[in-house]
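Chain IDs A, B, C, D and E follow the sequence of writing; residue 1 opens each chain.
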Amino acid sequence: MELKVKKVQRLDGTREALYFPAIFVGLSLTVKHFWRNLFGSKDVVTVNYPEEKRHVAARYRGRHRLTRLENGFLSCVACYMCETICPSQCIHIEAGEHPDLSVEKYPTVFDIDELRCVFCGLCVEACPKDAIRMDTGVISMAYTSRQTFDFTRDLLRDNYDPKAHSNTKYEDHDLPSPTSQSEALPNSKGVPAS
Amino acid sequence: MTDMNLLQSRIEGDSSGEDFSASVMSIEIGPAHPAMHGIVRFTTHLDGELIVGMDTEIGYLHRGFEKESENSKWIQVIPYTDRLNYVSPLLNNIGYSMAVEKLYGIEAPRRAEFTRVIMGEISRITDHLTCLGAAAMEIGAFTFFLWFIKAREYLWELVEEMTGARLTTNWTRFGGNSTDLPDGFLTELADRLAKLKDVMEECDKLLTRNKIFIDRVKDIGSFSKEDALSYGFTGPLLRACGIPYDVRRADSYSVYDELDFEIPVGSTGDCFDRFLVRMEEIRQSINIIEQAADKIPEGPFMTDERMLHYPDKKDVYGNIEGLIDHFKLVMEGHQPPAGEIYMPIEGGNGEIGFYLVSDGSGDPVRVRLRPPCFNFVAAMPAMTIGHYVADIVPIFGSVNMIGGELDR
Amino acid sequence: MEVLLDIIMIPTVLATIKIAVIILLFVMPLGTVLTLMERKWSAMIQDRVGPNRANIGKFTGHGALHLAADGLKSIFKEDTIPKGADSFLYLIAPFFGLIAGVATFAIIPVAGPIGDFTFQVTDVEPGLLFIFAITSLSVYGAVLAGMSSNSKFALLGGTRASAQMISYEVFMGLALMGIFMVYGTTRVSGIVDGQNEYWFGHLIPMWGVLTQPLGFVLFFTALIAETKRAPFDAPEGESEIVAGYFLEYSGMRWSAFMLAEYVALVGVASLITTLFFGGYHVPWLHLWDSAPQWLVTVLQIIKFSVFTLFFCWFQIQLRWTVPKFRFDQTMALGWKKLLPLSLVNIIVTAFVIIAFS
Amino acid sequence: MTIAAGYLPILIMIVLGVILAATFSCIGLFLGPKLRGEAKETPFESGFLKDGMEGHRYDVKFYMTALVFLIFDVEVVFLYPWSVQIRELGWFGFLASSVFLGILILGLAYDWKKGALEWE
Amino acid sequence: MGEEISTKEAEIPQDTGELTSLLRQEFPDEITDYHSHRGDETVVIKRDSFEPVCRFLREDSRCSFEIMMDLTAVDRLEMNEEPRFEMVYHFKSLTHARRLRLKVRLTEDDCKIASIHHLWKAVDWYERECFDMFGIHFEGHPDLRRILMYDEFEGHPLRKDYPIDKQQPLSQLKEVDERHVYGRHT
């Protein structure tokens, strides 16, 4: 396509020099908005946050979660892919042997420092097992202590709310067992958890 | 103007017996000042209210983008580029990815390019909306600002639908994009553009012909063509001087040569021209988006070159070759061939140029960003001296300094 | 009872009661509410929600509680005095604005007299000249605040404020001269009564806005500039000189400046109503001869309040519509446009009056 | 009613204003916290700890405007009596004040041309 | 899947662009190397002739490079190439719609180059940035001081031997006016 140039129009003539026409046009617009928002249909994009929730896009990269297999074990095989790709180096993984022999390898430690995380989503792309996802739809993480932001393996569940859990330390005997974890099955459609 | 030597002695010489310095008052404008939307410091010398001298200090937002990039893998730079010009993050994403693609010597599929055009122009609109709104707000037109912010909200929701984040998009990849258009995106886009047009029309009526506004911006910060070129201006500021230089046309990249649009130019390069040029560019961008949305072809949104993108998940799960590729790509990173390239694209502020040097390994040797507003801020003294202190506000507003891009 | 009535009818006591009623029951609450209303109304104009977070339990009153919250907050805020400031001048600077704002209402009638009793604090002979005198007092507030703060931004603001306010005082006087000519008096009650005359029988009331349209525009502009509201708020210029002359103030002293601004806003609105929109006179009400006195008074108060409120709203609407002048442009507008125009207005008005009388 | 009685309410009003303002100014001294610090006490200058205007002198550029103001304000005072009595004074008064205004306008034109109205 | 892209030594074409041949013709002895990898015309020249070449590029009507787009340096320490530094200048000509990359190689112990701030005004700040980041001295620059870093910063951060996690010593808070003499732009 050829280069098309358009010269912008500088309107600065007698009509402008009178001040009033433009002020009246402006006033009519602002008054229109004023009355419409006062009585008519509101044209407001502001969200009254805690009472109303914004619509969160299906692709929104919110807080991470670790998915589980159908039998309840973590999908993660501690391959260190996400830890390698992470640009902010916020993931820390330690691999271990699982007592259940059907599981090859699993993360004994899987920590995400949510304060370091830049929410780029590269870990999700890099994961070969679809074990980490950011589709929780959690848009705000506002806690009062830095420790609360250190998400350990077992806290990276779907509906986890750290405010309701005081004990954020992972204990080794606290291994995920199929029965107790079944309520935390991954949300396979990828829609935000309510 | 006053005699230069006298002025110099006035500024420097408060130790000399005759107290000339009394009439020149130096005043710090910035970093913690409402008119500085980035963080920048102007030490302004005032004679009465007239600016007779100015010294600029930048670097308050220096985060070491280039150093960090050299210590990352190629792909890990993409999230960093979000934070350069943070009101048009997608353009930085696109610029960087296209630079790496140029280094590889490949091109993204056509669908990806069209999507990039759409998203890039959305980002340009958000950039201009922010810039114009903020500049107008600072000269008192608060309503204009908030109507523009409302319009920007429409677009950022689209960006969120598309990329999964509003600002920290991290959207493009080498050889394509991380995501394709979501369902119903184009109808939603048309909807929002219609709303945006309404807002544009209202705001145009509200401000453009208002004499108070015209007085504030007309003949303020005028810049001649020669000076603008010498200072390396690009983008709306150069076009306001009357030079139709637009990288989209000058070095036609992506699919811009298939799209029909006009390049708005001004005549005197003052703040009024910059305002009008930006307003017109928003309209042109809407036009471009509409055309691109019509023309967007079906097809893949990611290149099928091996070792450029992660294999399909079914390959990763299902066959060993895919798994190995995946592991190699994550562990070693992308390895563009050795060489160096400079890739310019038209950003919100002007020419964003990425100069990349690769030695063939997974780590970049050099990632250099040419920040467009660096030149503008360098020219701030030239633009402001001889104006009143209140004129810093429209001049600096029209410069659209973005701290993340300026200081990197 | 008789004794009580006698005491009340003593001029001093009567004036004090009137002042208390007008100031404490009308102006101050209106001024205070307007601080919130400006925020709320601007939100309406700008497609926002506006302040609505202050709450007691679940009750927010659509933001009404912000009034209490703001008041309490500023009461319990620290009162800082910057280093090197002249603390006495710094202390008394906020006085002037409030005094000027409050004293404006001394001559504004809110309803017609019932017998000897007037709904006006005092009806002095110089009338509006008193207004000019008292508004020039508020220049001191701005100048002293700017000078005493020991801050460069405040000084710039104070300088601008003083230049702007003294300049616009001239035009204020000149713009009103037409009104003096038309109604032949500077006494407020005379001007208000003069506006209750009618043209063409009982068709059109001789409101100031109709007899002096140019004078109205000039006077309104000059008043807005005098109270430093947008688009003439360069002395406050929040974007370049941060907040201008009251930059260093905090807590309740800052609130005093803010309140003075809003009291002045009400003052402007009531002055405009009184001088150009027939004051308290309800047009065509005199045709209803048998109207009971109490009803007439009530209607007059309502009419006055409605017009005053309208002009308060109008000023706020104007503020959020237009950008602001640069400082030298404010001055140029005054000296080069308003001043010649008001001189022309005087000559034309005088000519017309003499030719047709 | 004497003339003074008419002004008494104004005095009361001013006193009321002073009381109001004094309340406003002093209430913070008693109720507010007192946490002083160097950074808090320095005058604002975009985040730098400077001494403000101390030791500086500022060139007031509008003294010309102030002079013009003085002239006009004083001259305008002469117009008020005329404006009130315009009907009684008739054409003679009009002529007289026209001459007066003409001189005033000439003066303004002179100031204008001399640049006294330019804010520098 | 397409053909695997060679990640090893790329075949950088030695084809001569129009500008390259022009420059070779005008400055036959000064050009040490040239290529146009991926279409970017690149010319490497000797340091001594740098200023005249720039002047030629700006003023000759066959070049007329109005815009100095970018100025930076590359530290080639880890690429094991000698000399260590490479100055990279990007020029843009609007008249001829062309770009040119000009490179000058500098050794580590003598990293000085002539300043060209008098040719393009934009160069001023770019040279300051390059000095700040790489420690390259631009001879004749009127005000060569740090721009992104603070004055007390030690070292030059974009040099490859500057560790990314190096801690700088804490500097004392100084009186503002002592730091620079202001008033250059009056």
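Assume a residue touches a chain if its C-beta (ideal position, glycine included) is under 8 Å from a C-beta of that chain, and two chains touch if they have at least 3 such contacts.
In this text, all values refer to a predicted model and were calculated from it rather than measured experimentally.
Asker: Chains shared as neighbours by subunit D and subunit E?
Answerer: Joint contacts, listed by label: B.
Asker: What is the identifier of the chain with the smallest separation between its Cα mean and the overall Cα mean?
Answerer: B
Asker: Can you give the whole-Å distance between the Cα centres of subunit A and subunit D?
Answerer: Result: the chain centres lie 57 Å from each other.
Asker: Using the average of all C-alpha atoms in each chain as its centre, how far is it in Å between subunit C and subunit E?
Answerer: Distance between chain centres: 63 Å.
Asker: Could you please state the distance in Å, as a whole number, between where the Cα atoms of subunit A are centred and where those of subunit C are centred?
Answerer: 51
Asker: Can you give the whole-Å distance between the Cα centres of subunit C and subunit D?
Answerer: 16
Asker: Two or more other chains in contact with one residue: find those residues in subunit E.
Answerer: Residue numbers touching two or more other chains: 176.
Asker: Please list all residues of subunit C that touch 2 or more other chains.
Answerer: Where subunit C meets two or more other chains at a single residue, that happens at 45-48, 152-153, 242, 320-322, 327-328.
Asker: Residue numbers in subunit B touching 2 or more other chains?
Answerer: Answer for subunit B, listing residues that touch two or more other chains: 25, 27-29, 33, 49, 143, 150, 206-207, 210, 212.
Asker: Touching subunit E in the complex: which residues of subunit B?
Answerer: My answer: residues 4, 7-8, 11-12, 26, 28, 43, 45, 52-55, 58-59, 62, 64, 66-68, 70-71, 102-106, 227, 229-232, 234, 243, 245, 250-251, 303-308, 335-342, 344, 351, 353, 355, 357, 359-360, 365-366, 368, 370, 374-375, 378-379, 381-382, 385, 407-408.
Asker: Enumerate the contact residues on subunit D facing subunit B in the complex.
Answerer: Its residues touching subunit B are 45-48, 50, 56-61, 119-120.
Asker: Within the complex, which stretch of subunit C touches subunit D?
Answerer: 11-12, 15-16, 18-19, 23, 74-85, 91-92, 94-95, 98-103, 105-106, 121-125, 129-130, 149-155, 159, 163, 166-167, 169-170, 173-174, 177-178, 180-181, 184-186, 242, 247-248, 250-253, 255-256, 259, 327-328, 331-332, 335-336, 339-340, 343, 346-347, 350-351, 353-354, 357
Asker: Help me check something: in the complex, which residues belonging to subunit A touch subunit B?
Answerer: Per the touch definition, subunit A meets subunit B at residues 1, 3-12, 15-19, 21-23, 25-26, 29-30, 33, 43, 45, 55, 57-61, 79, 81, 84-85, 87, 118-122, 125-126, 128-130, 134.
Asker: So in the complex, the part of subunit C that touches subunit B is made up of which residues?
Answerer: Touching subunit B: residues 42, 45-48, 152-153, 156, 230-231, 233-234, 237-242, 320-329 of subunit C.
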